[in-house]
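Some notes on the structure that comes next.
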């Protein structure tokens, strides 16, 4: 590969451009009219405006992105996360136009993007899955299925993501109400009203396993990430490894992830998501067929550049890593720093970044597209940057993160820094004792 | 330890404060009147002005530093590098006043600070040393010694450092002229005109081994650093490991370093410096009894926080590391970014830092005390910060460093960034093919 | 810029009726404002030293009657329907609304771009066969009628 | 830019009808404003531009006759030679040159600090037993004679 078009914006666009620079690969940035002053535009070798500010007219404009790739002679397109990264049609169109889509095949995206089919596939491959139903189309079916599984159950959208089209039902009444709203939400969000049921796992943790697969059947895993600290299904703090996973469980969950990935002949970087209950049982939820926001913590602990691996694998190289060589070192924590008012229900509050001080020193990493004087456009997500801290163990990583958060200065906009400072000082967090309910409960009992 | 006085300024003061924060140890910053707006003053729990701008009246004022330590109830003093870090009298006075000096004992500083005695000691301990003479006091002796060793020889000051009082002599005429000037220089710089001769090792590399020793006789080494890229004996770029050292040589040179360090019952972090000739022979030159400027590259590769280790060892803890666990991972490079005009003979040019952009992302570390709007005082050294890049191998580390240097923006002052950008792109550097003469020759043949 | 230049700028602002003058050196940004109404055009006599700045400022579309025709999509700009065919329009041509001005090729599709209003083609800003991005000005047309 | 240049700029802005002048040195940013509707224009006679400037300057120690006695070393401030002894000086006392004003204890040494000039102790700024740093103002003395 000699020239890659980066079909994204913000910090992940910079992350990809950085990897390309280090690989001596040229980059083409694409940008909306709202992102003219963005760093990804400045840093790329070429930059092409692809539309007005709204994402659907720019970062989701398949035509303009493919035209930019062709006009500027790209060999490949890196979609980052979000936007077109899990769009099978886009991957197919890339192939049809002679462009390498840096990710898995369109068929794999298609299969794994359909949660019900993905679950079926994994179940057949021997990966533990949450007991659940097939796609349900009417109220009689849903009641029957729920009673078979036993309450509480979760209603989930087949095409879902980000918590949309998802409802918890503790009884028949909640089930019937939730079934209709979940279908309506799913239709609105994904143009697909297919929903299914899953047994609800209480006090569960959200654990995901990073995998890499090549075109020739080799697959490795790079351990797990703990992503239970979520607010309304949005991850806020992640760590690698999980404080709830010991070496034996890591081996087992890693083996299950590899088994599932091999069953679909997966190529590229991907993430197998699991729920982990308090007895150490784990259940496959879904597979993400893209790079994750939180990939840096795995990179810090395993010493592997995942973006470069994606690029290498997409260009047809063999996986250069063997499972026995992939030895985790220490611990890493990531805090997503958003421009949100934590005292006003985390309402996004874009503005212009004033004074900026970025912490440095041993084990501190900052992945961000903001700079002093940068006007954050109101059209996109509220993430300002990702602060990552590595330590020789969890305690050192957490203390280092607190030190770095205390140093970080972002003037001019409200940020979630105080939220992170408070959570990281919480004794339950320090003890590693939390599930996916932690943040919502913590926010209720804490005065920020 | 509950409260440490940091007897230094600039980036190393911040480095120490960061480590203390992560250890929950309070800090006392000391500062001269020129450093009132420095970050180390802002970040420490307490800050005490200790004198006017000139170092000899402030950062070298033993009385004011000790008074500050006592008045503000410090348990210990961390001297950083330079200033009082290798002053045996200061270490002794700390002890006399009930303060822990974070470093070795006064006797060890005294012994190892005397190059001739240090060499004797190491030779007796079985560490290879450069053939040389004892201290020489007259012209007859110097001629006799030089002829015994064979030309070329180097004249060195017993109390030397930073290239002062050092002269190369290729024949008798150069020897006699150099002898007088070296003695005069040594007297002026160190108030000690003791000089000695050493056989000159051509095309040599400057290799140093990081060691840690505790109060109970345990010593480990953390591999070597390659420090051959120097201009007028000032290091500019360092790497870990050295491209000239393979695993076998690392084991041998590491064992020699440990042997020497054990012979003096060394406690704390220290550095054994060696010359490595082009046949793989290595010779002890001197031991530095403090933390080195370039310690971060070792930290990145070995995953050990050396400042925290110094603090732990000084408080009497046992060495918690075993040699077999200390496995290097990947490669790290450090570029010292100075505010110097590389087109005017590297003349320091202090000023006010304007726009500042610090590179981030995987494997990039920035240790610096500067911030946007910081006025660099003209009284101290010209180092603005240290940019460190880690990679899974040397090639990745160097490419990442180039990427990071290309991102780094420091407006308002001249910097050595263009020098680093050019050297790192040089094919001989990329091949790892350089000795201590490289930079001076490179500067002659390169138009910057 | 030297000190005497800054001094001269101050005197200049003082001597004129300009109330607001901003400039940035890196990548040159100049902003001249006058009065509270904001819409009144700046009046400069040809003898005035401030005239030089009027060249630097972007031509106001409204006051000069010029409008830019911008690219509605990303692709390659073509002035003619085929390699050996004559261009759709030349500088100086009078064009009618709906008349094809140029083609943008995107993903092997030839997209004919038509004039939205009638006028005179004053300037063609992009050479034949060049890549263009969304919103890029391609032609300046003086609106008529 | 040197200080005299800055002074000249201030005088220049003062002498003219400009009400707002901003500049940044790093990559040079200048902003000059004048005659904003909401602020009353400053009235200055052009014949005496230096007048306004002298008001702008910070209060000079000399003009008030007060001088600070600062700590010549780091240590602990003591107003009296012993715990139960009376203080060397109180506010309002007249002191002669060479008279002991206070003690700074550093490294178990009691350092008596003497007055360098005669005057009246107007204010003692630090409490007995407090730590003091180099250069810290400890007393204000009105110089006399």
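Here the chain labels run A, B, C and D in written order, and each chain numbers its own residues starting at 1.
FYI, a contact is a pair of C-beta atoms (placed from the backbone, for glycine too) under 8 Å apart; a residue touches a chain by one contact, two chains touch by 3 or more.
Quantities reported herein were computed from a predicted structural model and do not represent experimental measurements.
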Co-neighbours of chain A and chain B resolve to none
Contact steps required, at the very least, to link chain C with chain D come to 1
Chain A to chain D, mean C-alpha position gap in Å, rounds to 57
Chain B and chain D have mean C-alpha positions lying a whole-number Å distance apart equal to 41
Cα centroid separation, chain A vs chain C, in Å, comes to 43
Going by residue number, chain D touches two or more other chains at 27
Shared-interface residues of chain B (touching two or more other chains) are 355
Contact graph of the chains (line, ring, star, complete, other): ring
Every chain pair meeting the touch definition is listed as A-B, A-C, B-D, C-D
Chain C partner, complex, touching residues on chain A are 33, 48-52, 58, 63-68, 70-72, 97
As the complex stands, chain D meets chain B at residues 25-27, 73-76, 106-107, 131, 133-136
The chain D residues in contact with chain C across the complex are 1, 5, 8-9, 12-13, 16-18, 21, 23, 27-37
Interface with chain D, chain C side, in the complex: residues 1, 3, 6-7, 9-11, 13-14, 19-26, 36
In the complex, chain A touches chain B at residues 14-15, 18, 21-24, 43, 296, 299-300, 303-305, 329-330, 355-358, 360-368, 371-372, 392, 396, 399-400, 403, 406-407
